[in-house]
Structures are given as C-alpha cells and as structure tokens.
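Each of the next two complexes has subunit A plus one more chain, namely subunit B in the first and subunit C in the second.
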Partner chain A sequence: MSEAVEIPEEHDLDTSWMENMGEWGANARPGKRGLTLADIQVGSYGDLPEVSDNMTGRPRGAAVRPEAYRVGAYSVHTLSEIWLDNAEYLYEEALQRQWSSATDIPWHTLEPLPDDVEEAECFLCTFFNEVEFVAGDVPARWIAKTTPDYLEARNVLVVQVMDEARHMDVFRKRALANGGGLMRMSGATSGFVGSIDLARDFTEMSTRLHISGEGAVLTMFRMGELFGQNEAEKTMYRLCAQDEARHVAFGVMHLRFLAAAEPERGEEINCYLDEAEGQLISGQQNPAGALAETSEALAVLLGGGMQHYDEGHKKLLVIRRRQLKEYMKRVMSAGFGERFENGRSPIPERYAASA
Partner chain B sequence: MSEKLPTEAAVTAAGEADSKTIEPVHGVHKPKYDWMGLTNEWGVRVKPGIHGLRLGDLNVGIYGEIPEFWEDQTRRPRGALSRPGIPPLPYSLRYKHEMWADCAADLYEEAIQRRWIPATEVPWDSLEVLPDDVERAVCQICTELSQCANTELEIIAYWQDRMSYGYFEVKQFLATVTFDCARHMEVLRKRALSNGGGLGIESRGRVNRMILESSGGWTEAVVYLYLMRGTYITRLLTGLLSSAHNDAESFIYSHMLEDHARHLTYGYDHLKYAATHRKGSTAIMRTLLTIGEGHMADELKDGVVRSAMAIIFGGGIEGGRTRGMKRYLLLVREFLEDYLALCRWLGIDREETLHPMLKSYLED
Partner chain C sequence: MAVFPSKEWFEEVREVYNSDRSLHSGGGGACDTTAGFSIGDRRYRIEFAGLECAEVRESNDAELAETDFIIEMPIESWKAMVRDVQENGKASSSQTLNSLDLGLEDGIAHSPVDDQYKQDLFYRYNQNFQDFFNASSRVETTLE
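So, the complex of A and B:
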C-alpha cells in the first residue's frame, strides 16, 4: 500500500502528549473474580488524595493539563466526606447481581387475591413506588457534586440510582398486574426539615438514607417471605433486599470510615442518629412504623386478610423488633454503639419492651 | 377523581366480624383502614408478553395518561391518588417537552437486558503487548473517552432529580445511562491499566465545559451532549472497533457502542419531540448549535485525540502521519455528514451556515 498520502499541514501528527502521560507500566491482572476495580489499584493509580484538587474532571492518575477548564464544581472533595473501604467490592457485586423486573420475576405465579389482601399489597406497592426513587434522586444529586477522584465510592452511588429505578419499576408493575391499581400516596418523603432530601452534608444524608431509611426497609424486604402472597412477590422482595443490603452497607462502611477519620464529628453524627431513631420508631418513612398507615396493610398481608388482622399484627411486631435489632447492629458496626450503652438512644429500651 | 372501592363495605363487615370471632390481642389498636378504597382506577391486570412484563406495558387506562404539564411537585406516582398538604419538592422540569421521548420505556428495558460486566465478561486474557506508540495512543483515547463519560454522567446526575415524577420513564431510563457511563469509565480505566500502559493526559475540556455549562434546560444539554458530541463519539467508537487489537478491545468497543446507541436514540428522539411540541425550540437549537460548532471545531483542532486516533488507525506513528491521519479525517467527515443529516431531520438546516472550520473537513 502506498504511503504517499497528502495530509494538509494543519493535520500534522502531534506526539508531544506522549511525553506527558500518567504513570507508565501498569499491568493489572485479573484474579479469580475477573479484573475488578480492586485489581487496578496499581502504583499511583491506587493513591487516594485526602483532599482532591481535581476540578477538571480528569480520571484519577491522568496527567494534568495546565490549560484545562475547571468545569467540576465539586463540593465533595475530601476523602472522609464520602469514602468507604469496600467500595470496589460493593460496586463489583452490584454489577454481578443486576436483575430484570421484566423477566426475572415469575409474574405468571400471580393469582387473584381476596380484595382486602390485594388492596393491602397495592397500598404497599404505591408506597414503595413513591419512596424508592428518593434513593435515586438524592444520590444522583450528590454524584454530580463529587470529585471523580473518588470514583469507586461514586460508582457505588451510581449503581444505587440504577437499583432504585428498578425498584420503582417492579412495585409499579406489581400494583398493575393483578387486578388492582395504585392507591393514595403517602407523602412520607416530602421536603420536611430533617428529611433525606434536604440534607446539605453527604454524611448527614447517608445516615438518614442508608442507615435508618433503607435499613428499616431492608429488614422488611427480608421478611418478604412472610408477607409475599405468591412466588412473584417473594422473588420481588428477595431481589430488592439483595440490592438494599448493598446500599445499607455503603452507609455503615462510610460512617465507620468517617468515625475513624474525623472523630471530632462524632457528636454531630449522634445528633443525626437521634433524629433517625425517631423516624425509625414512629415515622412515616418506615413502612412498618407505629404511625405509618402501611403498618395496617402489612398486618393484613401478614395475617392473610383483615379477618386475621390481630394475627398479622403479632407478626408485624416481630418485624419491628427485628428492625430495631438490625439497626443497633449496624450502628455498632459503624462505631457508634456507645449510644446504646450510655442511655442516649431509646432503641434498647424499645427493643427490650418488644420482647 | 378518587373513588371508594366496593371493598369498603367489606372492610366494615370484616371489622365487625373480627370483634365477634377473634379474640383481640392485648395492645393491638383497632385498625382504621383509612387507606382502603382510595384509588383513581382499580381492576388493572397487565399481562406479561413474550419479552416479560415491561414498563411500557403498564401504560393502560389512567396510568398511561401522560399530561403535557405535571402539576404535582411531590413524588406521587403517576396515576396514584394525591394527598393534600404535602410540601413540594424542587422539581423544576415539569413540562413533557422538557424531557420526553416516546422510546424511553423501551430503552430502559433494553438497557437492563443488555447489561454487561467488565470484570468477568471482557476477555482480558486476550490482551497482548502492543508497540509502545500504539499502547500510548490506546491509553490516551481511553483517558479521553473516560472523561467524556464522566461529563455525561455528571450532567445527567445534575438534571435527574429536577425531573418531575409524571415522566418517570425518562428518569428511569436516565438511571440506566448513568449506570452505563460508570461502567464505561470503569472498563476504560481497566483497559488502560492492564497492558503495560497507564492513563494519558487529561482533556482540554472545551466540549465538556460546553455540556456542563448548559444549565438553561435539559434539552439544551441534550443538544450538546448527544446531537453534537454523542454523534462524534459514535464515529470514534466505530473506528476503534474496526481497529481493535484483540478480543478484549473488540468486546469493550462493541458494547460501549451498543450502550451509546441507546443514549443517542433517546437524545435524538427527545430533540425531535421538543422540536415538534414546543414552539420556537428549533430556533433555540439553531442558536445553540451555532455557538457549539465553534467549540466543537476547536476541540477537533486539538492535536491529542486526532493524533492518537491516527496512530491507532495507522498502526504506529509512521503510519499515523499518513494513512492513519487520512482515515481519521474521513471519520470526522462522516461525523459531520451524520450531524448535518440529523439537523435536517430535526428541521434545522445547518449545511449553509456550518462553522467554516467544520466545513473544511467536508471539502476534498
């Protein structure tokens, strides 16, 4: 083939950039779980800045270009604000465990239910359809504010937005697939002071969203085997629980990291937990909460109908008890267990009373 | 209009039956069942088709009514009964023409079906040592494309929580797009760090800035993100796929292209929707494009991506100076032909007024 190709001078090859690249010679190798994010933390590419000065959106470890525009208005740019130690693992696990609400739920197992049970299920689905994407909207907002230097943590939040979209979708599908429909919204997640939406600090948001909000929902989803009326519903709750467990793990691990990195913020975090516990016990955001209308629907489902409401309520108390127990475990794991020993938290007393 | 279901009577009856036949449990308050019977439409029974139970299948009866303006600033699911007194949230995109595309629900399901996993599905063992100049060029392109994906992710994340719930299909589809973007950043980083190379130099960021600064509306962002930059990236990925050095690269580029095609389908469809449903929108798009073409021309003039692509196409620096650069210039020409055709389809003729620097790529 002839090399006599005429190229205009303005399109001459420029190779000057080859002298100014990131660290060279990286040779990450796949392990038994493939080539994971953890595997590519090689050389300086694994170095996480405590404070990121990256305002241009460059990938971590890329060479700096002095004339690049400072387009990244990253308000989250210190490691302790957002980091967690197992972000790579959570991200890779999330990719492995994605599912499809269209094809992975055995919709054919749905069968007509008694009216009261169908209504209870649809009411619960309306609630979840409404609240699931809080956990989509809010992390999305923080993703846009977070420096790409912390890409591993940011990627976990991106997958969470994806998960929540699927949750919103699966509950809508269930409500409209078995002779029912959507019911009245709860309004549980609107813009009240102290709500997930309005938090102006990432850790505050994460405490409300991941630890208390999603934590309570996770316990419930795990009990889906009890109140699911057929295999479709049980599968739906099981798969949602799998996703939710990762989101809760993000919150716990982030809080743990923050507690170690910035112990001086301990009292502030305890204040968030005080508020979160109020929500957990009686708030509308906890579908099993004492004042939540959804509690009645849950009792109907757990009992198998209105005529067995009391029976269902007994089972609901078991769920509430388990919510408290799992909440305490998470908070202890995050490094804030002292509040359960020094009398600050009302949860141990509630837990004991629920025995 | 809300309606009470016939079950209300059954509720009362069952409640009475309870108190007679079931021994009350100590501490259990009598249920009020205030939530029962409150629905806009009951009796919906959507059945799964051959592709399962898809989001678009749910648009039946009132649940499929998608208004031109979404009054509600809460998270009320479309079709659910509202509740008075709920404080509003700052959803600023409330007109359908500000985000809608008819294909969003189908694209959402397609994205889920076509998910892929860089860690385990890319045949990483097929990577082989490349000549240093070619490895550097590949790594540089990985760096550049990663930054493009980052920009796409950030601008979507910025707008996503401003979109009203009435148009949830779009919100959900965009969730799959940001997920794709995260995966693209991940896989490009993995490729750059697994074959003896590393990351390159960051982008100058002209077009990234243009996209990120398009804060006047989501449609404005889509003009730059998809009609202009996205159309160019499609050509870049197509070129990279045809010059892939191994199965790993083929897998990466082909799957990125597949994802990217979905993003563009939404973007083009949305612009068409906006153009046909909002008076004056094509004139705004024309103005945006006039400004944007200048920035795009500047970015194309930048030597880094151009040279890296030429080196990949030419199989090294020497080949890059001649046939590689020729092929890259052809790629830019093809991009501009695509771009002009899309503008025509949208009702915005740019042929005559195309930026002179861009026009020069179309001349022999």
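So, the complex of A and C:
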C-alpha cells in the first residue's frame, strides 16, 4: 500500500505537481570552498524550526504533501536537543578530509616486531576495534531518530559513522598485517563504553561519547606517534586523531549550544559528566586508565618492550595527565567549567596528584 | 636562498604547498584556521582557507592573540625541525609537529584565549600544517 497516486495506463497528462513547490528562485552560489551546505542556507531553506513537526521525511523547505504517511518516529525534534552552530561546516570538513585505510597508510613500512611488542599492538588494535564499533553504532541509531529538518547535524553524524567504519577497519588491518592477529576482547563494550548506547537522550549520548569517550581516545591516538613502532602505525594513529578531533568538536559545540539555549538543563548535564568522570580515570572506557589491561599494553609499546616496562609506564602517566587536562578544558569550553571550581568534579584533585 | 625564519621563506613554502597537490597527503583536505608561529622573537601569522594556504605574513603578539592557536618553540627547536625536513624530505618521526607537541608537558601549541576547542584545531588540521612544513624540503634554505 502506498500514498502514491495510482495512474491508469491511459490518462491525461497531469502536471499539477509543477504548481507545488517550496520557495522558488533560489540561486545559491559556490564560494572558495565549492558549493557547501553553508552556501545553500538561502531564503527560507535556511530557516531552522525550534520545534519540528515534520514526521513525514519531508526535506526541509519542500512543499508539504498532505496525504504523506508518517515515516519516522522522530524523537529528536527540538533544535536544542541536537544542534550545534557549526554543523554545516563540520560536515563539509569531514567530507573533504576523508582518507583511505587501504592506500593512505604506508603499510610497506611494517616490519616484524618482537613478540611482546606485536602482542601489545595487537591487543590495542583489538580494543580499538571493539570501541569503534560502539562509536559507529550509537550515532547511527540517533540519526534515524532525528527529524530531517535538522539535516546538517544528522549529516555530521552520518559521516562520523563512516569515520568509525574506517577506524574499525584500519585497526583490524593492522592487527592482521604483521604476523599477529586479534587478541582477547577487552570487554569494554559491555562496560561503560557499551553503556553509551543506553543513553536516553541525545545530549546524554553525546556527552558520554563525544566529550568523555572520544576526548580520551583523541589523546591516545595522538600519542600513537610516540608508541607507534613504524611509519604505518604512526600515520594510522595520526589520521585517526584528526577524525576524532572533529567528533570531539561536535560534542563541545553541541553542549555549548544546549548550555546557552536551555540553561535549566545544567544540573542534568552535570550528572552525565559525573558518571563519565568516574570511568574516565579508572574504567575500561579509557585505554590509558589505571585499571585497564590496555594500559599495560601501552606501557610495553611506549617503553619499546617488556624489558622497558617501567620507562613506558612513566610515559603513560604523562598521557593520563594530559587526558585529564584536555578533558577539563573541553568541558570548560562547552560551558560547564564551574564543576572544576566548586568541588563537584574529582578531576582537578586527580590532576594535581598526578604531577 | 631563503633564510629561515623570514617572511620570504614562509612565502616560498606557501607557493610550493599551493602549487602541488601531491604535497597534500591523505586526510589533509579542507582546512580553515588561522595560527601563529612564535619563533624566537619573530612572529608569523598563517591562514589556511579551504584547500590552500591563503596567507603567511610577519606579525606581532597582538595579532597572534586573535588566532585560533599558536605554535611556540625555542628558535633552536624550530631550526632542528626545519633542518630535519631539509635532510629527509619530510619530518622524521621525532620531528613532526605532533611529536614535538607530545614531547613537552604543556605542548608546543596553545590557544591564546585558553579555549580547548580552538586548541583542538591543531589536532584537527595537524596534517595540513605538517604537509606545509614538509613542503619546505623543496625550498633551498639557510638557517639564520
């Protein structure tokens, strides 16, 4: 059954569809960066509804079709729930900065590694493989829940899913490309990382995923330049870090928008941050966390082998410290910095103790 | 032969970077940011717009305070990085901007207004900046 009009084989030409259109005469012009989403915010096409009643999948600005069925149970239909001021820009940036795990990584630079180092790298790759599944699956669920009127924010999430697919495959490729293989799963997906998927609200999800989770992983990826054993690994981590920084930017900008639009939700957001911070330090969410098996693997890699574990562990402590500092500054940038001054957050104390 | 650091040197690197897309490596696409370089007592301001480096100019502290982030190192560290690029055709792993940043507790890049969102642009666009400095391998260089 369809709402589409049934047309008999022989019929008079009906061009009444030509009289049903959105705003006409749009003349968007490409700028220096091509024709971007920002360039097509022209006339009413750029009008964002504060609350969307679009339940039919109608493209924003298109003429209404009264008989259209409801196709989406769009639970995210209030602007502040998902919006961020630079959504168009982040989307275009993501499109234009894609890379290929097949051809942009100098795989030929991989060389046989000592067993302990290969095992540590493969363990880390197994972990990242696991968490990137979550980082792809979770935004994907929220895309379908979001009204098409907020297409720019949706599109950023769509490209994030692509990014995470690439991260999954690049770590899998690394694990299978140098005489090793995948190791035992870390269990992160059944711990805090997996619990990101239990978020009931988009901002709850974004706070856990983009700010806490991906923020911590961003520091890790950047550190890959230190613990990578060859050019292939260093490149892999460096390129993943760029993508991750974009995802973190989504979280910070969304939280900033929400804080300004709905300050009454401040306490709720602080609760999400409370929850995340406990895991950020000690949980398996954080591969550099004190209780994570992956932190041992990192220490082996940073030291250059089991025999230099202590040296590697010292470098790991520097990573943890940096994670904490960057996390705090991101939360401040998002507008929730008071928690570090009023004693609510345990992070400043832990940061001071890590000196 | 261009002298590092100087406006002429940065201008030559900019021309090389903009004229050959093969120097823009994977993951180094569109980039929109302004950054400052603090090199000893010299200051430079660089602007990336889309796929090109739009401008590099000699600058000052007041102007750098308006940029997204500033990369600051002692002049000897800058010279070591440029020398390494000259010798190897691109930065070796210990001399990439990211490695140099990680080597110091406070890093080499910071936001002049202490905004992590802006500082994160250094991470987001890292490849463009690295490609830019790697392009300097094609510029005959004398270190000041």
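FYI, the second predicted complex is superposed on the first by the 340 of 355 C-alpha atoms of A that agree within 3 Å, B and C clash if a C-alpha of one lies under 4 Å from a C-alpha of the other, contacts with A are read in each partner's own complex, and residues count from 1 in each chain.
Criterion: a residue touches a chain if its C-beta (ideal position, glycine included) is under 8 Å from a C-beta of that chain, and two chains touch if they have at least 3 such contacts.
Predicted, not measured: the structure shown is a model, and the values here were computed from it.
Asker: Looking at the superposed three-chain arrangement on subunit A, would you call subunit B and subunit C a clash or a fit?
Answerer: Partners fit side by side after overlay.
Asker: If we overlay the two complexes on their shared chain A, which of subunit B and subunit C does A:Leu226 touch? Say first, second, both or neither.
Answerer: second
Asker: A:Glu92 in the overlay: touching subunit B, subunit C, both, or neither? Say first, second, both or neither.
Answerer: both
Asker: Considering only the touch criterion stated at the top, classify A:Glu23 as touching first (subunit B), second (subunit C), both, or neither.
Answerer: first
Asker: Check the residue A:Asp116 against both partner chains and state whether it touches subunit B (first), subunit C (second), both, or neither.
Answerer: first
Asker: Is A:Leu182 touching the first partner subunit B, the second partner subunit C, both, or neither of them?
Answerer: first
Asker: Regarding the shared-chain residue A:Arg330, is it in contact with subunit B (first), subunit C (second), both, or neither?
Answerer: So A:Arg330 only meets subunit C here.
Asker: With both complexes superposed on chain A, which partner does A:Lys32 reach: first (subunit B), second (subunit C), both or neither?
Answerer: Once the two structures are laid over each other on A, A:Lys32 reaches subunit C alone.
Asker: Look at A:Ala249 in the shared chain and tell me whether it touches subunit B only, subunit C only, both, or neither; answer first, second, both or neither.
Answerer: In the superposition, A:Ala249 contacts subunit C only.
Asker: Look at A:Tyr309 in the shared chain and tell me whether it touches subunit B only, subunit C only, both, or neither; answer first, second, both or neither.
Answerer: first
Asker: Looking at subunit A, does subunit B or subunit C touch a larger number of its residues?
Answerer: Tallying touched residues of subunit A, the top partner is B.
Asker: Please work out how little space separates the C-alpha atoms of subunit B and subunit C at their nearest point after superposition, in whole Å.
Answerer: Result, nearest C-alpha distance in the overlay: 10 Å.
Asker: Does any part of subunit A touch subunit B in one structure and subunit C in the other, and if so which residues?
Answerer: Residues 33-34, 92, 96, 98, 100, 103 of subunit A touch both subunit B and subunit C.
Asker: Considering only the defined contacts, which subunit A positions touch subunit B in the complex?
Answerer: Listed in rising order, the residues of subunit A that touch subunit B are 1, 3-5, 7, 10-18, 20-30, 33-37, 40, 42-43, 45, 56-59, 61-65, 67-69, 71-72, 91-92, 95-96, 98, 100-103, 105, 107-108, 115-116, 119, 122-123, 126, 129-131, 133-134, 136-138, 140-141, 143-144, 148, 151, 154-155, 158-159, 161-162, 164-166, 168-169, 172-173, 175-187, 189-192, 197, 293-294, 296-297, 299, 305-311, 313-314.
Asker: In the complex, go through subunit A and note every residue touching subunit C.
Answerer: Going by the criterion above, the answer is residues 32-34, 89, 92-93, 96-100, 103-104, 218, 222-223, 225-226, 228, 231, 234, 238-239, 241-246, 248-249, 252-253, 256, 318, 321-322, 326, 329-330, 332-333.
Asker: Flag every residue of subunit C that touches subunit A in the complex, lowest number first.
Answerer: 25-32, 49-51, 93, 96, 98-99, 101-102, 105, 114-117, 119-121, 123-127
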